[in-house]
Amino acid sequence: MLFAVGSLAVMGATLGTILGVASRYLAVEENPLEQELQGLLPGSQCGQCGYVGCSQYAAALAKNEAAVTLCTPGGKAVAEALAKKLGVTADLSDHEEKGPEYAFIDESLCIGCLRCTQECSSDAIVGAPKQMHTVITDNCHGCSKCFKVCPTEAIKMCKVPVTLSSWHWEKPDSPHAHVH
Amino acid sequence: MTTAYTDKSGPFTHAPSSVAKTMATVLAALLPATLYDAWLFGWPAIFLFLFTIAACMALEAATLAAQGKEWRVALSDYSVVLTGWLLAMSLPPWAPWWVGLIAAVFAVVLAKHLFGGLGQNVFNPAMVGRVAVLVSFPVQMTAFVAPHPLFAAASPGFIDALGITFGHAFHFDTMTAASALGYVKTELTKGVPVTQSMPGLMGLVGGARPGSFGETSAPLILAGGLFLLWRRIISWHIPVAMLVTLFVLGTVFHAANPARFTDGTFQLVAGASFLGAFFIATDYVTSPVSKPGQLVFGCGVGLLTWVIRTFAGYPEGVAFAVLLMNALTPIIDHHLRPRAFGRTRTGAPLPLKGGK
Amino acid sequence: MKDIVLLIVGAALVNNVVLARFLGLCSFMGVTTKLDTALGMGMATTFVITVSSMADWAIEKFLLVPYDLGYLRTVTFILVIAAAVQFTEMVIRKVSPALFQTLGIYLPLITTNCAVLGVALLLVAGQYNFVESAVFAFASSLGYSLVMAIFAGLRERIALAEVPMLFAGPPIGFVTASLLALAFMGFSGMSTN
Amino acid sequence: MKLFPVRGGVHPEYRKERTSELAIVALPLPSTLYLPLQQHIGAPAEPVVAEGDLVKKGQLLARGAGPVSAPTHAPTSGRIAAVTQVTAPHPSGLPQTTIVLEADGRDEWAELPAPIADPFAADSQAIRDRVAQSGIVGMGGAAFPSAVKLNLGTQNRLETLLINGAECEPYLTCDDRVMREYAAEVIDGARIMAHALGAPQVVIAIEQNKPQALAEMTRAAAGIAAVTVVGVPVQYPMGSERHLTQAITGRETPAGKLTAELGVVVHNVATARAVHHAVRFGRPLLARVVTVSGGAIGKPANVEVPLGTLVSELVAFCGGLSQPPRRVVNGGPMMGQPLPNLDVPVIKGMSGILALTAEETNEQPSRACIRCGTCVTICPCGLVPVEMAAFIRKDNLEAAAKLGVTDCFSCGSCSYVCPSHIPLVHYFNYAKGSLAAANREKRKNDQVKALVEAKAARLEKIAQAKRDAAARAKAAAPSTPEASA
Amino acid sequence: MNPRTLIHAVILGAFCTGFGIVLAATDRATHDQIKQRALEDMQNSLSQVIPPGLHDNNPVKDAIQLTTDGGKTLTVYRAMKDGKVTGVAYQIVGNGYAGPVKLMLGVDPNGHVLGVRATEHHETPGLGDKIDIAKTDWITKFTGRWLGNPPEDKWKVKKDGGVFDQFSGATITPRGVVGAIRKGLLFFAAHKDQMLEVR
Amino acid sequence: MPSYSRIVKDGLWDNNGVFGMILGMCPTMAMTTSATNGLGMGLATAAVMAASSLLVAMFRGYITQEVRIPVYILIVAAMVTLVDMTMNAYMHELYKVLGLFIPLIVSNCLPLARLEAFAAKEPVLPSLADGVFMGIGFTLALTAIGAVREIIGSGTLFADAHLLLGPSFRFLETQVLPHDTGVLVMILPPGGFLATGMLMAAKRLIDLKAGKEIKMAGAHAV
């Protein structure tokens, strides 16, 4: 009996030492957000999220590459916790469907006040003080900041038009739409 | 008629092909062998055959209806008729009706429609059906009868036959015979060398022997297969690869140890080799799409058929071999894609040679 | 030679760990949505099974049997496995980030994989010698990798199909596994001949 | 000549007999012509005329803008009625800027550039300039500015000018007729182009289902050592330049490279004829031969049509529609594009107008793919249409791109053979379009990102300068703490 | 060594010690019980092949080891009454459909079968598993038979020309069992003296 | 800390170990050839889960991150061995039925997953509750799968229940189909997967009918 207990204890102590030493000398820097996210995950390492284990999923989440709803064992609770941690629900509704836009300045209304130029983060609006301004469409990413500050409502946000060269075929209906 | 302008990109012409035509051609190719077998095994076989097909069709309609989908259209492509037909051909001709029914459930509901229906299944439905009942009812599935040609004196009449298929009139212990492959296998376990148990080839080729409904008429099956090749419904790759592999393995091992291994010709004409090679392994849905892939697939089916027939518990191997290779099909497809024009196998652009 | 071949075929195909012995099923269902991932998992598991089975063989031979400690078998085996996996992970991660990329990331999953303990226990039950043990463990894990790859291939294809809503996801995965097991039944009875 | 095998392809029902024996007829001059500024690949032309201007036949209406572009000329004399937006002959049905010319009926020629008397003695640049001035673009369908292609000889050592007389599309016989009726002009044009390219050899490749064209061209080329006429197998899409090059030279053009890098440049027969006219007579491209066919056309014909003619007028000339067509197609049935309606102009790349009946299109509702693999076997590009379409259906365009969907040249073979009638090419067109749009988007985002960073850096610099100034000011006045606050 | 490293060793070691003690203690407490249970199990299965009335000893205690032709040792349990061997029992193995079928065979000193039971097999439920006494009484048909009843060349299933029933659709299992019993009786005949000898 | 009603609902239905989390699949497949087997395996697992959850929740303050997994596994393994020995000695009849399955509990990933996910973070009593209800949920799932396989596969239900539960439970043993009829494949390996898949779909159907938003576990990937 003593032998049994002893051998098990020795084994445990040895393995514990090895792991302890190893964890010290083999420590690898980790992203703290990743760690936190990983803490929220169930840790069952089952891979059902489509990633190889929780840490990979956490890494993907930290890099904002994965949806928060992928963990099967965690269920809804974990998804909510993750969403809260990453603050993604708000984001999602914000970025929903607008389609690309660009700003257009009605030159007859522009008074050359320069507010839009200051606001534009990509230098897409050119013009000197008190002169008409124009938007370089290619540089405009449609953030609509200029639209919001223009005192004369000279700025319109327009949908990027479809041209002969940018037009393409729409996705065809699924074959099943025809059959069933 | 209305003019459709720009709802669809081209092409605006189409080969005169359709799914229904393809399936109908395969059915036509099966017809001679089927008629011969129906004659050979009499009314019970005909009942089971019709019952199985009807069960498959009804189950397809029911599964689609349960999902709220349009079932009439699906039935009109005949794929389920073909599945039922091949399934019936793989059953012992005098098996009771419930064997056909359970096989049909496995084939049509589980193997086909749970995966989304035509074209989306990964396993050959008919073979899933056959294997499921083979594993479940080994007694009924290995009880073959010797041929009882229609209208011959010993063959059951219409009413008797109803009793065999739909009642309890069939007694397995008294009337059954083993198929050639099964016989060889059981004899082998008794220590009888293959050389003594292997039946004469002429009898096998002629087809008048106990066996599944569709395996007893090798010449007609072969003819049907050649018809499909001629109609370009199937290509030669799978059947040839499979039959050659089977033949070569049989021949080589028989030469090495005639007492243990049956020879190549026997491997070809016994069991469902031809039916499998031309009609089952070639199922589009569950075999690779590229020609090199089909060659690998065919060789795999041949190899596994031989291995299972020779070493495993079940005497007949085609069905298992087909299912096993079905499982490998996605991987084969993945690795044996054709080389794209102007690119190497890895997808990099070809080097500009010569620099002329 | 013939025995070794039989051992390999038996362990890899006929008594496949996943489909016939029902071991390692959680990773079989969980980590097979992508072919590449499944292959990596297979490789990593092969490594761990082979290594830890040999260690467990030694424990059995030099500790448990001589001192009649059979009741500690489960405990010691699983301890060795857990420690081995965790240690291997740390080492690979530190020493070769490249290898860790391909292999190491699968390691934490393997502790909870029954196939590892299962194979070790099967070895004890089979009373193999050291070489046989190594071969058996390797062949078993090869069988595991094989079905993992096959199943992942199938699931990648099913992912493109219009599976009925009730069955999309894990249920159709189980149905597929069922049909795969049905196909593997073709190998049954092979070891007896 | 030894030919080489080409992968895949199909053998559609050709239905060429409906027009192949009909000589080219000229369309009477319409009263109004609509000349879009973009009849070619590249930048749209820039108009040099305005509403109300009077123009003569052959006069420049819009000049090429930029390195890849082509000018447009007046097909007849008359008055510019407008420069306005008109529906383009394009499936989108979008309008594009178009010069509307009202014919005065006099058909008076403007003063044309002088013919180049001996083109073979002329500088090759002079020939290229003439081709560019003449607004010649590829008439084989792609409508790529021909002068740009004739430049290829300056960067590559060319061996062969391949004249594409394959005309592998069903129905179309315009190239066939041009070769039969104007063999000498085609060969002369081809030799001029070869001279411009610096290619020592001209090979004229004609599908063997056009025996008369083969005979005519062979006869016309007799005695000219540098010109060879070959019959190539009847196999759609033999006319694709990469495949034709492979059939003739046995060499496969690497992805992303031009056939010119193998020493081969491909031009269409009608292009060669246009070059002949431009060089020998100074005439710009003003008209083209169009095959008008299909079961719904009253009297199918090969018509020489002034550019800018409305398709409706062309169809009316050909006996009108005998029944409502199922589809109206610009080009051949395999690669052609559907027209949004008949009131669109004929442009330079338009080789055929087909009004097809339902029997001819054989359109059926698509069904699930049965994985028959035919599309894989026949794809001339070695792609796997079945898998690409499956990924696209599940919105996984990246996976489709990995499988090479961007290599697909929309030849239509796969859709043509698919027994399930799956609109494969439509899927690929959608995917290619979406991927290109995503690419544009990404490029734009990168550009914007760079601009944002630049601006942020600039602002930071200014802020820093201000802070420095403030610090200096503070240092200068340490006794007044309020100043810095 | 750094205490922060050592802490892991201490924790794991402590848990191991703790559970080691618990397990060892439980093993102590249950060891004899478990041994006893195993013995009872063995006696139980022996009692099915050797009627209890035949002996007054514990056959498990009076077991001897014999060497088979294959060179393996075989434990032969012996039933004794009044110092004389009244029956022996030993394990025989047949080739079943799904691997070996282990059986316990009881034989009286005249070579008559006292009883046979399948102790371990993996035959298919509904087919081969009819050899199991829990399913059918097929296995009891051997009781009282010997190598003269039926004659040795009739010790086969009916399908092979013998006298014993096979099951419909499953011949391999009964064939294996009949063969094993026949060989077991032959083994008895060959080693009769050793088995019956009382020291 | 989740409420007790949440713990109960999760364990029994919403996040059921087998049908929700898809863990513990090995015993689920291997031990469900009959309802009785499933029940027995489930009960043994539940006992181990309850005990180990309790222990982990009690000791978790003393366990460091690095040796966490070995210690948890050690705890499970020790509990399993304990159950094994005790049953063998004092409940021998029951042990003869269950004996084979018990060591397998160690390698069941469900207990370990729950230890990591719940007991390692929550107080003692809820952890015990989680262990118990996860265990019961697991038992129910195994019994259901076993029942389906047994009815279709051998035509019986709860055959041999008296061996597990005592002679008073003989009444559970029912012959559903005529004697010796049954679709054998259901009690062979393929039947295990099939029954599980079918029951999983059935659970989804019930959730759907109950108006719950269905949890497409992993459906994004397949």
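Each chain gets a letter, A, B, C, D, E and F, in the order it is written, and its residues are counted from 1.
Here is the rule we go by: a contact is a pair of C-beta atoms (placed from the backbone, for glycine too) under 8 Å apart; a residue touches a chain by one contact, two chains touch by 3 or more.
None of these values were measured; they are calculated from a predicted model.
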Those chains which touch subunit B and also touch subunit A: C, D, E, F
Maximum centroid distance from subunit C, chain identifier (CA atoms): D
Pair joined by the larger number of C-beta contacts - C-F, A-D: C-F
Rounded Å distance, subunit B centre to subunit D centre (Cα mean): 49
Chain centre separation (subunit B, subunit E; CA means) in Å: 45
Centroid distance [mean C-alpha coordinates] between subunit D and subunit C, Å: 58
Inter-centroid spacing, subunit F versus subunit E (mean Cα positions, whole Å): 33
Residue numbers of subunit E (touch at least two other chains): 7-8, 11-12, 15-16, 19-20, 23, 27, 97-98, 124
Multi-chain contact sites of subunit A, meaning residues that touch two or more partners: 4, 7-8, 11-12, 15-16, 19-20, 23, 44, 46, 48, 50, 72, 169, 172, 174, 176, 179
Where subunit C touches two or more other chains at once, by residue number: 26, 29-30, 33-34, 71-72, 75, 79, 83, 86, 111-112, 158-160, 162-163, 167, 170, 172, 175, 178-179, 182, 184-185, 188-189, 192
Touching residues (chain side subunit A, partner subunit C) in the complex: 3-4, 7-8, 11-12, 15, 18-19, 22-23, 25-26, 28, 44-48, 50, 52-56, 72, 174, 176
Subunit A to subunit D touching residues, read off their complex: 100, 121-124, 138-141, 162-164, 166-172, 174-176, 178-179
Contact set on subunit B toward subunit C in their complex: 67, 110-111, 113-117, 120-123, 128, 131-132, 135, 304, 308, 311-314, 317, 319-321, 323-324, 326-331, 334
In the complex, subunit E residues that touch subunit C: 16, 19-20, 23, 27, 95-99
Interfacial residue positions of subunit F with respect to subunit E in the complex: 59, 62-64, 66-67, 70-71, 74-75, 78, 81-82, 85-86, 88-90, 92, 96, 154, 180, 182, 184, 187
